[in-house]
Amino acid sequence: LNDGVRQADEVGVVTGLAWTSVGGETMEIETAVLPGTGKVQITGQLGDVMKESAQIAVSYVRSIAEDYGISTDFYKKKDIHIHAPEGAVPKDGPSAGVTMVTAITSALSGIPVRKDVAMTGEVTLRGRVLPIGGLKEKSMAAYRYGVKTVFIPEENKKDLEEVDNVVKDHITFIPVSHVSDVLKGALAHSPSSKRKKPTPPSTAPIENAPVKIDSISIQ
Amino acid sequence: LNDGVRQADEVGVVTGLAWTSVGGETMEIETAVLPGTGKVQITGQLGDVMKESAQIAVSYVRSIAEDYGISTDFYKKKDIHIHAPEGAVPKDGPSAGVTMVTAITSALSGIPVRKDVAMTGEVTLRGRVLPIGGLKEKSMAAYRYGVKTVFIPEENKKDLEEVDNVVKDHITFIPVSHVSDVLKGALAHSPSSKRKKPTPPSTAPIENAPVKIDSISIQ
Amino acid sequence: LNDGVRQADEVGVVTGLAWTSVGGETMEIETAVLPGTGKVQITGQLGDVMKESAQIAVSYVRSIAEDYGISTDFYKKKDIHIHAPEGAVPKDGPSAGVTMVTAITSALSGIPVRKDVAMTGEVTLRGRVLPIGGLKEKSMAAYRYGVKTVFIPEENKKDLEEVDNVVKDHITFIPVSHVSDVLKGALAHSPSSKRKKPTPPSTAPIENAPVKIDSISIQ
Amino acid sequence: LNDGVRQADEVGVVTGLAWTSVGGETMEIETAVLPGTGKVQITGQLGDVMKESAQIAVSYVRSIAEDYGISTDFYKKKDIHIHAPEGAVPKDGPSAGVTMVTAITSALSGIPVRKDVAMTGEVTLRGRVLPIGGLKEKSMAAYRYGVKTVFIPEENKKDLEEVDNVVKDHITFIPVSHVSDVLKGALAHSPSSKRKKPTPPSTAPIENAPVKIDSISIQ
Amino acid sequence: LNDGVRQADEVGVVTGLAWTSVGGETMEIETAVLPGTGKVQITGQLGDVMKESAQIAVSYVRSIAEDYGISTDFYKKKDIHIHAPEGAVPKDGPSAGVTMVTAITSALSGIPVRKDVAMTGEVTLRGRVLPIGGLKEKSMAAYRYGVKTVFIPEENKKDLEEVDNVVKDHITFIPVSHVSDVLKGALAHSPSSKRKKPTPPSTAPIENAPVKIDSISIQ
Amino acid sequence: LNDGVRQADEVGVVTGLAWTSVGGETMEIETAVLPGTGKVQITGQLGDVMKESAQIAVSYVRSIAEDYGISTDFYKKKDIHIHAPEGAVPKDGPSAGVTMVTAITSALSGIPVRKDVAMTGEVTLRGRVLPIGGLKEKSMAAYRYGVKTVFIPEENKKDLEEVDNVVKDHITFIPVSHVSDVLKGALAHSPSSKRKKPTPPSTAPIENAPVKIDSISIQ
């Protein structure tokens, strides 16, 4: 029951959660940052709403660049490519916002993303996290994938009562109202410790991370 | 009855009012100003008319930049991103004009927007405020959201008689014929006092602000 | 019967006349000139023909820039935004050509437009004024708006016989075959007197202006 | 029977001939050359084929620029605007090619176009003139307009037998197989004599011009 | 039976062969090379496949530029315009690839194209020649036009048995598997001899040209 | 049974495998790298998914450029043209991802591609290889074409049991989970040996190449 998650923390890739007519699914967001001239490329057969999510995510990360040690002129010296495999499956909706913000921040800062974390939530331009649909189905997909922690919008906290008990036994749900709390919990280390030598993979549970949010563990 | 409004005056975000087939709704407009090259980005599934409203708002603010201490070369040194959450809901119509002008002026000048203010009105390129529809429904949404002051077009003053009494008891309506009057009333301080140290949140009612407009208090 | 016209001569705004299935209407054209890089923006839900009218108007004004004391490099140092309120109403047709030429010339030269003037006529790239439809209905709208002078295409002179007598009693119609005659009559002063100090609002009727055109007064 | 043609030779405007379901029509092509950066603008509700004609005409004139004393770097220092009034009438087809080449060459070289000349013919990229349809109807329109000379494609010479006798009595038809022959006949003077002082309006009939083409006079 | 072909070798124009529902047709491809900034323009109502053929042809010629004495920075100092008369006839399909490569190479190198040559064949990005349809009909059109030599794809050699005997009597068919062989045979001289003074029109049959290909003469 | 494969290792061309309603097909991907300004051109009537595959492939190769001795500023000094002959056949789907990555890497590094290799597999932005459909049919096409080695996605290993025995007798299938393993196996030599003098065509079977992957030989 743990064959899906990545084998190590990686830079620029984050596990999102999608909700389709046939149930929940994990959906990775990959981001590549390349020497360039400020172009943003978005692939993966994304619909209009999801393309806008990517644009919002890029603008949000530009607005917090300094906090994460990201050179503020990356908008003209780097190209950003955001991709959602599998390339032939059409995807849409705003709920990958937090996933995209996390993937882009990781790719630009070089800070890896914790491998056993998933997330879902619309993001607004100033980082507010808005509610999403399909929490029950998305949670089940996260559980099957082997995820240990799932970030959800604060306003979806009430939907946790519909989540299967076996899922609640294995996953810690962290409700957030601002994407900065997702970044604090999902990135493998804080920006200030960025230039230190790589630490061994964290074994501490995510609850111990310095996250100032309403963290609840569901039984 | 006050759980919707922001907890403090913020920069670049303004509460607008929308009118749909199922009633009125509050709709925030968020604006981010980023180091850039003069690009304007508009997201939130906006229709053609509302996209044009954003373009008109940007041009209007460019024409008054100096009055608000905004560097006049921002059109080539800054990118502006205007977003209307929720990203999956299609939106259209010209009545967010005043909201967009206020959000952009705030974002570029750094002057916060009063947290308990909402507004509706089309704006023309030279700042005239044109009438809108659905005042009754929009007012009800503002009331439910906890708004204290609503700017409306002068030509909609006559529609106030259809607004519910409970709404009129709690909200001060300020009719305006030019968007400069909205800016004077909705921004937390005047441009000239901009570089002073932050003042404590204003407790003075908006009627005391130096607004040279026909301000009426409905009972 | 005079509540529509502007209260003073203004720069960059001109009253046009539109003809719809329900009668004539006044339609203002607003133009803003902004420090920029030569972009032309057109808003107001204009159809293809009317967008082309705006492009023709811009090119025509570029070709006469020097005559109006307009810096000839404005095409690369200024952005021009042309707007036709109300933003939600679709508009089309070539007959706003003269209105657009006048609004752009005023905005670029800084010469105000006489407040009690309206106009209608297609313009070609070299300034010829072509005939339009709906003169009877357009004239009625101008009369109701409080307009004193209306510029019409020379080829529409014959249509004046269908115009209501009450309209002819109050409005002076000036047929023109070239848009330069509109500019001479509608701008508040000549380019040569441009740098003088502002004169008090002209009280002289437009018939006294140095217009070398076939000016007729209808009784 | 001569009220349509221009009153003097003008720069950048040429009378073309169109063929519609209701007969022939004259159709002017206007060209403005403006200080700029090499943009080409095309207006007049032109269809795809006619827009391509304009692009071909621009490229052809670029290829012969030197022969007409046109600065060869105009493609980056000038903007060219090509317009076909009336702006609300959709137009299409390749037969305005020669008209466009002549209008652009005149506008760029400053050499006026003879006022009593009309023309029709598709042009290829290397200047070949291809046949057109509707010669009978187009000729009648030229006659009604007061035109004295009409350039037609060599391959349409055989269609002259269908042209009305009254038309043949008043118009000289000049068949051409290359657009350079149109330029030689339709421009008011040759490029070499360009910098001389303006000559009085030519009264010499076009037959006397140094046109090395198969010029035929129809009785 | 020889009234179609050009009267002399010309630069930048090549006779292609098209296949329509009503039979074969000759179709010239014209190419103009102009001082510019690297733009490629394609006209003649070409469909998507044929537009891509033109792009492939341009890229292929860029890759062999040096071999033909073409300045390798032409991609930023020259504009290329490719046109397929007649402008009102829609055209599509990949089989003009060899024709376009030849026309562009000629236009850029200044080497004329032999006047009595025609060709058909799709070209890939590395110059391979792929088979085409309608050889029988295309050959008949070439014969009627007065063409002496036709380049065809190697894989269409087998289709020569269906070609009319009268056609085979008058035309030499040269099957090729790479477009470099077309260039060797269709250009009037080799790149190395380029700067010599013009030689009199070649009277030597094309079989004598230094073509290292499988040249077959059909009787 | 070996008439399809290229006669020598070539730079920038790779044999892919397509699956259509009528069976499997080989489909070459050609890539040309030209002095330029960073443009990417994609031709061959590719659908949206396949165009995105090309964009992903370009971004992936940009991210590994240094490992293959590719100048990291090629994104602004080179144009890349990716073509899938035959130009008239519409193509779509994500499974040419590995083929495109290999073709682009070869074209940019100058390292030839082994002539008797084919491949199929979707690629993600960080190089993961995702499963594809139609392995049985694609394998048959590879066999008929004379291919000796086929790279397939690791997740398609299970589908090998449905592949015909005659195919398994002649082709070595190499399952891969990352495209870097395809590059190691399909390029004719490693980047480090790049500047050595050309070696004679490798006769060593691909199994001997330093591929650190799960290479299985099917009997």
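By written order: A, B, C, D, E and F. Residues from 1 in each chain.
We adopt the following convention: contacts are C-beta pairs under 8 Å (C-beta built on N, C-alpha and C of every residue); 3 or more make two chains touch, one makes a residue touch a chain.
This one's a predicted model, so the numbers in the text were calculated from it and none came from an experiment.
Undergrad: Touching both chain A and chain E, which chains are there?
TA: Both-contact set = F.
Undergrad: Could you work out how many touching-chain steps separate chain A from chain F at minimum?
TA: Shortest path length, in steps: 1.
Undergrad: Quick one: compare the interface residues of chain E with those of chain F and tell me same or different, with half as the dividing line.
TA: On the two sides of the chain F and chain E interface, the residue numbers are mostly different, under half being shared.
Undergrad: I'd like the Å distance between the centres of chain B and chain C, where a centre is the mean of that chain's Cα atoms.
TA: Computed value for the inter-centroid distance: 32 Å.
Undergrad: Please report how many Å separate the Cα centroid of chain A from that of chain C, as a whole number.
TA: Computed from C-alpha means, the inter-chain centre distance equals 55 Å.
Undergrad: Mark out which residues of chain F touch at least two other chains, giving numbers and ranges.
TA: There are none in chain F.
Undergrad: Sort out for me which residues of chain D touch chain E in the complex.
TA: Touching chain E: residues 38, 48-49, 52-53, 55-56, 59-60, 62-63, 72-73, 75-76, 93-94, 97, 122, 124-126, 128, 130 of chain D.
Undergrad: How about chain B: which of its residues touch chain A in the complex?
TA: 10, 12-13, 28, 30-32, 34-37, 41, 43-45, 79, 81, 83, 85-88
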